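Consider the two complexes below, in which chain A is the common component and chain B and chain C are the respective partners.
Right, the complex of A and B next:
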C-alpha cells in the first residue's frame, strides 16, 4: 500500500478538481437558463415550438447522458458544428439537465396560488414586478431542494466527460493512477474528496433552504 | 451524406449488443432492489449499528460519481482474486449505486404502511418475520412500484458507463463501429432509439404489474 501516492500528485489532482468545479458551475447556470427557455417556449403561442420542446424533453428522458455526449461530440462536427472538449461537455450537461430543472421550476412556480398573482395585479403591479416580488421569492425556497439534488447529480456526471478527455478530476486521477500504479489508494482519496465536497454542498443548501423558507414558520 | 447502408449493416451488431445492455439492466436492477430493501429494513429496524451502516452506505453511494464507483469496483475485484470480470463489476457497481436510491424509495413506502396494520398483526400473534413478509412488504411494494420503475429506467440509463471498463454493451459497440466507420449519426441515432425502446418496454411491464397488483386487493 502506497498511501503517499495520491498526496505526492496533489498538483495534478487539484488542477482537475478546479476544472470539475467550474464546469459544474458553468453547466448549472446554463441549465437554469435552458430551463427558463423551456418554460417560456412551453407557454408560447406557436404550436410547432411547443411540440418541438416536447419531443426534445421526451428524447432527453429516454437517452443516457453518455450517448448524448457522444452525439454532441461525434455527430455535431459532421453537421458542421465544431466544438472543443469542454464546450461539448458543458453543452451535453446543459441539454441533459435543462428539462429536469424546468420540471422543478415549473412545480415551484405552480405552487404559488393564482390568487396571489391576481391580488398583485389588482394593486397595479406590472407582470415583471409580480414575478420579482411575489412569485420568485416564494417559489425559490420550494425549488431549492430539487435544484440542489440536480446540481449534485450534474456535479457527479462531470466525471463522465473524462471519456472525451476533458481534463477534470476523474481524468487527472486516471493519469495519476497510470503513473503511480497505486489505483486503490488514489481512487479512495479521490472518492473521499468527491464525497466531502458533495455532502458539504448538500448541507450548505439545507441551511439556505431554512433561511429562504423561514417566513413560512411565522404564520 | 446520410449513409443508410452503414446503418442497416450495423443493426444486427447493435441488436446483439442491446441484449448485453438488457442483461446488465436486469441483473443490476435485481441487485439494487434486494440491497435497497435490506438497507431500508435495516434503517427502520431500530438497531443503531444497522441503522448507521445503512446510512453510511446511502451517503457514500449518493456522494460519489457512479463513474468513480465503477472504476473502484473494477480495480478492487482483482485484489480479491477475481480477474476479467468487467461485466460482473458493472453489475455490482450499478447495483450498489442504485440500491442507495432504492433504499430511500422503499423506506418511504414502508413508512406509508398504516401503523394499525402492524399492530393488528402483532396482536393476532404473527412473528416479526411474517409481519414483514405478509403485511408490510406487499403493501409497500404497491406504493413504491411507480418510483421503482423510474429508478429502473435510471439503471438502464447508467449501463452505458460500463463501456469505460470495456463491457461491449450497446453504447460501446456503437463507439467501436464509429471509430472504424468515421461517421457517427448513422450509429448513434439507432442507439438512442434503442434506449428509448427498452425504456418503453420497462414502462409497459411495470404498468402491467401495477394493474395486476391493484386487481388483487
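Right, the complex of A and C next:
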C-alpha cells in the first residue's frame, strides 16, 4: 500500500479539483440562465418557439449525457461550431441541466398564489416589481433543495469531461494513477474528496434553505 | 357637471363574460364620495367579479369604469377608445385599495414590510418614512405592536387587518372589500368588522361585498343586491331589508334571514 501517493501528487490533483469546481460553478450559472430562457420561451406568443423548446427538452431527456458531450465536441465542429474542451464541457452540462432546472423553477414560481400577485397589482407594483419583490424571493427558498440536488448531479457529471481531455479532477486522477500505479489509494482519496465536498454543499444549502423559509414556520 | 356630482367611482353598463357565461350583465353603479355600499347576493351572482372589474384586475368586456370622472383603462379619443399604457393603469389602480377574501399578505415580508412595500416601491418613500407611515396605519387597525412579525405568526383576523392597513397606507380614494371575513374563523370575524365599521364612520368611500347582513344593515348607506350577473336593486338598508322592490331580493333575504334566525334558535 502506498497511501502517500495521492498526497505526493497533491499539486496535480488540486489543480484538477479547482478546474472541476469552477466548471461546476460556471455550468450551474449557465444552466440557471438557460432554465430562465426556457421558462420565458414557454410563455412566448410565438408557437414555433414553444415547439422548438419542447423538441429540445424531449431530445435532452432521451440522450445520455456522454453522447451529448460527443455531439457537442465532435459533431458541432462539422457544422462550423468549433469550441475548446472546457467550453464544450460547460455547454454540454448547460444543455443537459437547463431543462431540469427549468422544471424546478417552474414548480416554485407556480406555487406563489395569484392572490399575492393581485395584491401587488392593486398596490400599483409593475409586473417586474412583482417578480422582483414577491414571486422570486419566495421561489428561491422553495426551489433551493431541488436546485442543489441538480447542482450536485452536475458537479458529479463534470467527471465525464475527462473523456474529451478537460483537465479536471477525474482526468488528473487518471494521470496520477498511471504515474504511481496506486489506483486503490488514489481513487479512494479522490472519491472521499468528491463525497466530502458535495456533502458540505448539501449541508450549506440546507442552512440557507432554513433561513430562506424561516418565515413559513414561525408560529 | 359640477364637482359635487362626480361619483368617487362610476360603473357604467359593465359587461363581463367568461366564455359563454355572462358574469356581469349591464351593471351600472355609482358610488359617491364618502359613501359605503354593500353588495349582497347569492354566490356566483357576480359580486366578486364586479370588484375585480372595478379595480381593473380583470378588465370588463364592455362598459366603463370611472374613478372621480377619469376613465380607467381607456382614454376617450375622437377616433374611439384609446387604451392607456400599463404604467397609467398602474397609477390608476394604486388609487383604489382592495382587501381580498384570501388575505393575500406576502408571507416572506414582515407585517411592517407588507404595509411599506407600496410606499417604497411605488411611492418612492425612504424606508424610514415608509415605516413611520406603516406604524401609523397599523395602529389604526390596532396592530401597532406587530410590526416585526411575519404573517404566519398572527391570526387570520390580524392578517386581514394588516391587509386593510396595507391598502390604507396607499391613501386610496376608494376601498374595495371582497368578502373580507368569509375565510376567517367565526371568532375572528368581529375584529375585522369593527375596523371596517370605524372606517365607515370616518366616511371612507367603500364598496363591500359581504355575507354579513348585520354589518351591511349597520354600516351601509346603500345596499346593492345582485343575482345572476345583474344588479337587481340598490336601496338604503332600511328600505331594502323591510320592503324590497323585487321578488328575487325578497326571496334571497328571506332565505338568508331564516338561516340567521335558525341559528339564533
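Methods note: the second predicted complex is superposed on the first by the 218 of 219 C-alpha atoms of A that agree within 3 Å, B and C clash if a C-alpha of one lies under 4 Å from a C-alpha of the other, contacts with A are read in each partner's own complex, and residues count from 1 in each chain.
The rule is short, and it goes like this: a contact is a pair of C-beta atoms (placed from the backbone, for glycine too) under 8 Å apart; a residue touches a chain by one contact, two chains touch by 3 or more.
No experiment lies behind these values; they were computed from the predicted model shown.
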{"item": "Room on chain A for both chain B and chain C (clash or fit)", "value": "fit"}
{"item": "Touched partner set for A:183, first chain B, second chain C, both or neither", "value": "first"}
{"item": "Partner chain(s) touched by A:148 [first = chain B, second = chain C, both, neither]", "value": "neither"}
{"item": "First (chain B), second (chain C), both or neither touched by A:162", "value": "first"}
{"item": "Greater chain A contact set [chain C / chain B]", "value": "B"}
{"item": "First (chain B), second (chain C), both or neither touched by A:126", "value": "second"}
{"item": "Which of chain B and chain C A:115 touches, first, second, both or neither", "value": "second"}
{"item": "Geometry of the superposed three-chain model: angle at chain A (Cα centres of chain B and chain C, steps of 10 degrees)", "value": "110"}
{"item": "First, second, both or neither for A:31, with chain B first and chain C second", "value": "neither"}
{"item": "First (chain B), second (chain C), both or neither touched by A:19", "value": "neither"}
{"item": "Minimum distance between Cα atoms of chain B and chain C in the superposition (Å)", "value": "29"}
{"item": "Where chain A meets both chain C and chain B, residue numbers", "value": "none"}
{"item": "Contacting residues of chain C [partner chain A, same complex]", "value": "55, 57, 86-87, 90-91, 93-94, 96-98, 100, 102-108, 117-118, 121-122, 149-153, 163, 166-167, 170"}
{"item": "Residue numbers on chain A that touch chain C, as the complex places them", "value": "113, 115-116, 118-127, 129, 133-134, 137-138, 141, 215-219"}
{"item": "Residue numbers on chain A that touch chain B, as the complex places them", "value": "59, 62-67, 70-71, 74-75, 78-79, 152, 156-160, 162-163, 170, 173-174, 183-184, 187-188, 190-191, 194-196, 198-199"}
{"item": "Chain A contact footprint on chain B (complex, rising order)", "value": "59-60, 62-69, 71-72, 75-76, 79, 153, 156-161, 163-164, 171, 174-175, 178, 183-185, 188, 191-192, 195-196, 199-200"}
